[in-house]
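Below, chain A partners chain B and then partners chain C, in two separate complexes.
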Partner chain A sequence: MTNWTLFAPELFMLAAAGLFFALSLARPQPARDFAAAMVVAAIGLSLTVWAVGAEGVLFAGTYRVDLFSQVFKVLISAGFFLVICLCGDLSGVADKRHSEFYLLLAVCTLALMLLTSCVHLLAIYLALELSSYSLYILVCLRRGREKGLESGLKYFIIGACASALMLFGFALLYGTGMSLHLADLARELPGRLHEPVVLIGFVLGLSGFLFKIAAFPFHFWAPEVYEAAPHQAGAYIATVSKAGGIAVLLRITAAAGAGGDQLVGFLMVVSVASMTLGNLAAIAQQDLKRLLAFSSVAHAGYVMVAILSFNAMGLSSGVFYAMSLLVMKLTCFMIVIQVSAGGNNIRINDLAGLHRQAPVLAAALMLALFSLAGIPPTIGFTAKLLVFTAAAENGYLWLVIVAMANVVISLYYYLRVLKAAYFLEPEDSASPVRVPAPMNFLALVLIFFTVAAGIYPQPFIAAARALTHALIG
Partner chain B sequence: MIVPYTHVILLAALLFWAGMICTVLRRNLIMLLLGLEIMLNAAAVAFVGAGLHLQQIEGQAVALFILAVAAAEVSVGLALIVCIYRQTGTLDPECIESDACELE
Partner chain C sequence: MQLHSAQFPVLSLILLVCLAGLAAVVLLPAEKKQAVKYVSAVCSAVTLGLSVYVFVAYDRALGGMQFVEHLQWAPSLGISYINGVDGFAAPLLLLTGIVFFTGVLTMWEHDLRVKEFFAMFILLVTGVFGMFMALDLFFLFVWYDVSLFPMYLLIVIWGSTNREYGAMKLTLFLLAGSALILPGIVYLVAESGMGTFSLPALVNQADFSPFVQKLAFFLFYVGFGILAGVWPFHTWSPAGHVAAPTAVSMLHAGVLMKIGAFGILRVGMFLCPEGWAFWAPVMALLATIGILYGALAGLRQTDLKFVIGYSSVSHMGVVGLGLATMTVDGVNGAVFQMFAHGVMTALFFSAVGYIYDKTHEREFANLGGLSHVMPVAGGYFILAALTGIGVPCLASFWAELLVLLAAFDAYPVYGVVAVTALAINALFILRVVEKTCFGPVNPKWEHLPDVSFGLGLPRLVLAGVIVIFGIMPFLMYETIQSASMLLISGLP
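The block that comes next holds the complex of A and B.
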């Protein structure tokens, strides 16, 4: 007998998708669609918070509801709610497409929530594809921009290649591990990681998730997609979709036990390549969203450092990092959305004079950038500290040194953005930035969270440990 | 099972390579999509072979799911390609990227 209450948040999101589908058939009314989306996202968030304590197994053992999945569902729906909050000015998307935009966001949120709970390779594949397909279309919804379609196509091709590789890897794992359930694979495979077939299966199987978090060698889509997508869709891809990717990556690596030398070596190459490439490329960027894209490639590298520790400490630091990324990237995209007039892209120098026109936003930007760079007392500092400690305790000292060097490189371009916001004088022709009161409030909340979790991170660290405990069991 | 499992895996790997080469080298979006399909079906072959090898029904069930997902993937991909063709009048990915070969 299936206990459907365990599945309530997902069912609600499915119903929400149905609602937006119905709205997309009616006459387009952006204000109505936005109100509906706000209500739906708020209810969805409270449902996931209500369901945090739930535990159980559904659908013949393929779907596991535990603390890990439930907390990640809260993160995902909180991210969904915040992205919807930013949709008040959805001028990057044609009016008649607003309900479709929300429909695709809801479907993608549903898919990511499913993804955090799946413990069966086929279910993981289906959930991952469902979320990717919604994002492929979301990227193309940008109004009046031919480049949107082209980068959507690039996103689609790289994504489809990555998921085909992943599927082939799953087939190899199935053939050697004799089951599609992660729990069975976790019993069978860790001892056999030195066998070439198992190793290739794992490496190929990880490619789908590397694509999701924009890690090397599947990072090519990130700058183009961030640049061409509507700002809100970009924010969603940078935060929520990434949290879902990290969640499933943690689940899969927990199944690999202690990890073999070769697997760790492969992940190290991925990690070092992602952060170095991301940071070096970000230095040259002028478009703020492209800069954020390359910085998220670099952050995928730091996440890999957490994952390749292959122990409880590494996994819990990965959880914490996912949480901090959600806050930091969302703040950055909020500033992009508020500063850009009419949904256009902004260059770094367009931030000039922000500290006088919108002091709260400028402060939020400063804290988010410090946090991305890992300067105390912010959430990003704590996250990096946890990740690097986990790696250093495993003896990967040189990896930590490379990562630290990368942090220093990244400081350069984060400070460049900050300089534009604080020290450049705006040109006279530039229209002043007007910030609605709710946005100022949201910025204050994000500032509070960034600093509070930096100064007093113990409850969050304890939560991350509890999650990891639920994951490893 | 008459055919050894390793042979099935080899066949699947060959198919997968064929699909990948098609995706990477062909300068036509439709052929590129076909390459992706071949890669997915290679994975399906590997799943069916593994299912036969292990005497489990799950492998074949996965193959059925792959068929459905592949259909969805083609529909998204083709929709994108149709939109791009309407805008640019070409199916050559390099032309689309660089606007080098505009139609007269």
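The block that comes next holds the complex of A and C.
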């Protein structure tokens, strides 16, 4: 007898998608669609919070509801809610497409929720594809930009390649006589990782998730997609979609036990290449969203440090990192949305004068940038400290030093953004930035989280620890 | 490491006063410039009072860590909030209080984006205070970085000569330093196997192998050494000093560079004594090169701020040389020098700042005869210069004397080189004083006003401190001695 209450948040998201579909058939009314989306997102968030304690197994053991999945669902729906909050000014998308925009966001959120709970490789594959397909279309919804289509196609092709490799990997694993159930995999995999077929199968199987978090060598889509997508879709990809990717990556790698030298070596290459490439490429960017995209690639590298540690600390630091990315990247995109007029892209120097026109936003941006760079006392620092502690426990001191060297590189371009916001003065022709009061309030909330988790991280770390226990028992 | 708990959490009170001041400044509307200045002045005066109290109330006979506060913070990660002050930290807290107070007063006529300036300034000072009193490696690192990152905006927005370059260089250099410190901390914590960031626990109980100590000490030495201006990592320092506004230069050369040296002492030497012994000859060599290099490079400078910037490299070399001797006298001298150089540089920058504000000229060849035009301002400048060259009865004299005596014993060759370099530097500084303050008056400056009493007050305070500790060095010496005896006698 299936206990459907366990599945309530997902069912609700499905119903929400149905609602937006119905709205998309009616006459377009942006205000109505936005109000509906806010209500739906708020209810979705409260439902996931309500469901935190739930535990159980559904669908013949392929779907597991535990603390890990439930907290990630809270993160995902919180991110969904915040992105919807930013949709008040959805001028990057044509009015008649607003309901479709929300429809696709809801479907993607549903898919990401499924992703955090799936414990069967094929189910994971299905959930991953569902989320990716909604994103492919979301990227193309940008008003009047041919580039939207082009980047959507690029996103799709790279995604399809990654999926193909992933399926091939799963097939190899299955061919060696292993089950596709993660629980069975966790018993057999650690002992057999030295076998070439198993190792190659597992590594190929990871490619879909590396694509999701924009890690090397599946990062090529990030700059184009961030640049061309509507700002809100970019925010969603940078935060919520990443959280889902990190969640499933943690679940899968937890099955690999202590890893083994070859696997760790491979992941180290991925990690160091992602962070170095991302940071070096970001230096050259003028478009703020492209810069954020490359910084995402770099952050995928830091996340990989957490994952390749293959210890409890690494898993909890991965959880914490997903949370910190959500806060930091969302703040940055909020500034992009507020500063850009008519949903256009902005260059770094367009931030000039922000400190006078919108002091709260400027302060939020400053903290978010320092947080992205990993400077205390911010949530980003705590995340990096946890990740580095995990790596140091395994004796990867050199990796920590390489990562910190990358932090210094990244600081260069973050400081350029900061300089634009605090030091440059706008040209006369530029229209002043006007910030609605709810946005200022949201900025204050984000500032609070950024600083609170930097100064007093105990509750967040304890939560991440609890999640890890749920994952590895 | 002995801990003596505080009756009353005076150390946290210092931080709280700073944070309250910061909050008040942030909440005040930007137009109320006078109010912002008064709030900052009150905040700095109270912290100065508290730091004087800590310095005076510190029990020298008892020694060890005093005023210790302990609070569980993030037990799942082994982080606790521990503050404490020993004979090394007490003088530096006093120094911070003095430079904070005088720095705020120095910027009294400052008029550009006042609110943001003082907010950043107070934030920076909070980090410095926190760093000097923190006994938990997590907090120590957090405060360390908090004291660095406001620097970028302080220089870019309010700075002068080549500020964008200077600010970026400074920030990247200093953060590169913390890029070595954090791995060092994480490495030691992981190697200890104790899962704690608490410094007293690690010092008393952890048993690090010699290899671990050598590696970690290297990371700390280079990481903190960048901030301490150790040659060859000093290049950010003159460029940054020149670009920064007066009060920031004061704080920066006066206090921030000491954070670097203090970090080497507090983290490196307390936790990795064997690493200290292993790297001491290298430290001595680099310090001596720094002294010589600073002195010689100073000879080529024509800009007053560059002159002071390079002499700072030289004087911080003295600190490094003292620490490298691994003797009680050497360490005493090094910490004394941190204090004395801090006050001296603050006075120097503050005097130059006044001259620059009035003349918009820092090329000393274009100045001249200022002692006739503004005798008081010239007097402060001369006093700072004399302290800098180590004239007896001024604070720096005792500090340099102690270090050089210890160095002659431990590293005779370096000692001789250092004395020669300091002598060259002294002659040069005297020439700078001559060109700036004496000689024919440049007619352009004839009508300039002298320092008013209000603006003179901060300089007077600094000058007073220099003279008091110059005449009564034992006030400082005995406090430092109580900590250095324990540190040196605890060496393996």
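Operating definition for what follows: the second predicted complex is superposed on the first by the 472 of 473 C-alpha atoms of A that agree within 3 Å, B and C clash if a C-alpha of one lies under 4 Å from a C-alpha of the other, contacts with A are read in each partner's own complex, and residues count from 1 in each chain.
Quick note on the criterion: a contact is a pair of C-beta atoms (placed from the backbone, for glycine too) under 8 Å apart; a residue touches a chain by one contact, two chains touch by 3 or more.
Please read these numbers as outputs of a predicted model, since none were measured by experiment.
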(request) Would you check which partner chain A:140 touches, where first means chain B only, second means chain C only, and both and neither mean what they say? (result) first
(message) If we overlay the two complexes on their shared chain A, which of chain B and chain C does A:156 touch? Say first, second, both or neither.
(response) first
(message) By the touch definition at the top of the document, which applies to A:178: first (chain B), second (chain C), both, or neither?
(response) first
(request) Name the contact category of A:393: first (chain B only), second (chain C only), both, or neither. (result) second
(request) Mind working out whether A:168 is in touch with chain B, chain C, both or neither, as first, second, both or neither? (result) first
(request) Examine A:129 and indicate which partner it touches, taking first as chain B and second as chain C; both and neither are also allowed. (result) first
(message) Contacts for A:258 in the overlay, against chain B (first) and chain C (second): which applies, first, second, both or neither?
(response) neither
(request) State which residues of chain A lie in both footprints, the one left by chain B and the one left by chain C. (result) none
(message) List the residues on chain B that touch chain A in their complex, please.
(response) 5, 9, 12, 16, 19-20, 23, 29, 32, 36, 39-40, 42-43, 46-47, 49-51, 53-54, 56, 58-59, 61-62, 65-66, 69, 72-73, 76-77, 79-81, 83-84, 87-88, 93, 96-97
(request) Please give the residue numbers of chain A that touch chain B in the complex, ascending. (result) 122, 125-126, 129, 133, 136-137, 140, 146, 149-150, 152-153, 156-157, 160-161, 164-165, 167-168, 170-172, 174-175, 178-180
(message) With touch defined as at the start, can you tell me which chain A residues reach chain C in the complex?
(response) 355, 370, 375-377, 381, 385-386, 388-389, 391-393, 395, 397, 400-401, 404-405, 407-408, 411-412, 415, 418-419, 422-423, 454, 456-458, 461-462, 465
(request) Sort out for me which residues of chain C touch chain A in the complex. (result) 73-77, 116, 138, 141-142, 145-146, 149, 152-153, 156-157, 164, 168, 171-172, 175-176, 178-180, 182-183, 186-187, 189-190, 215
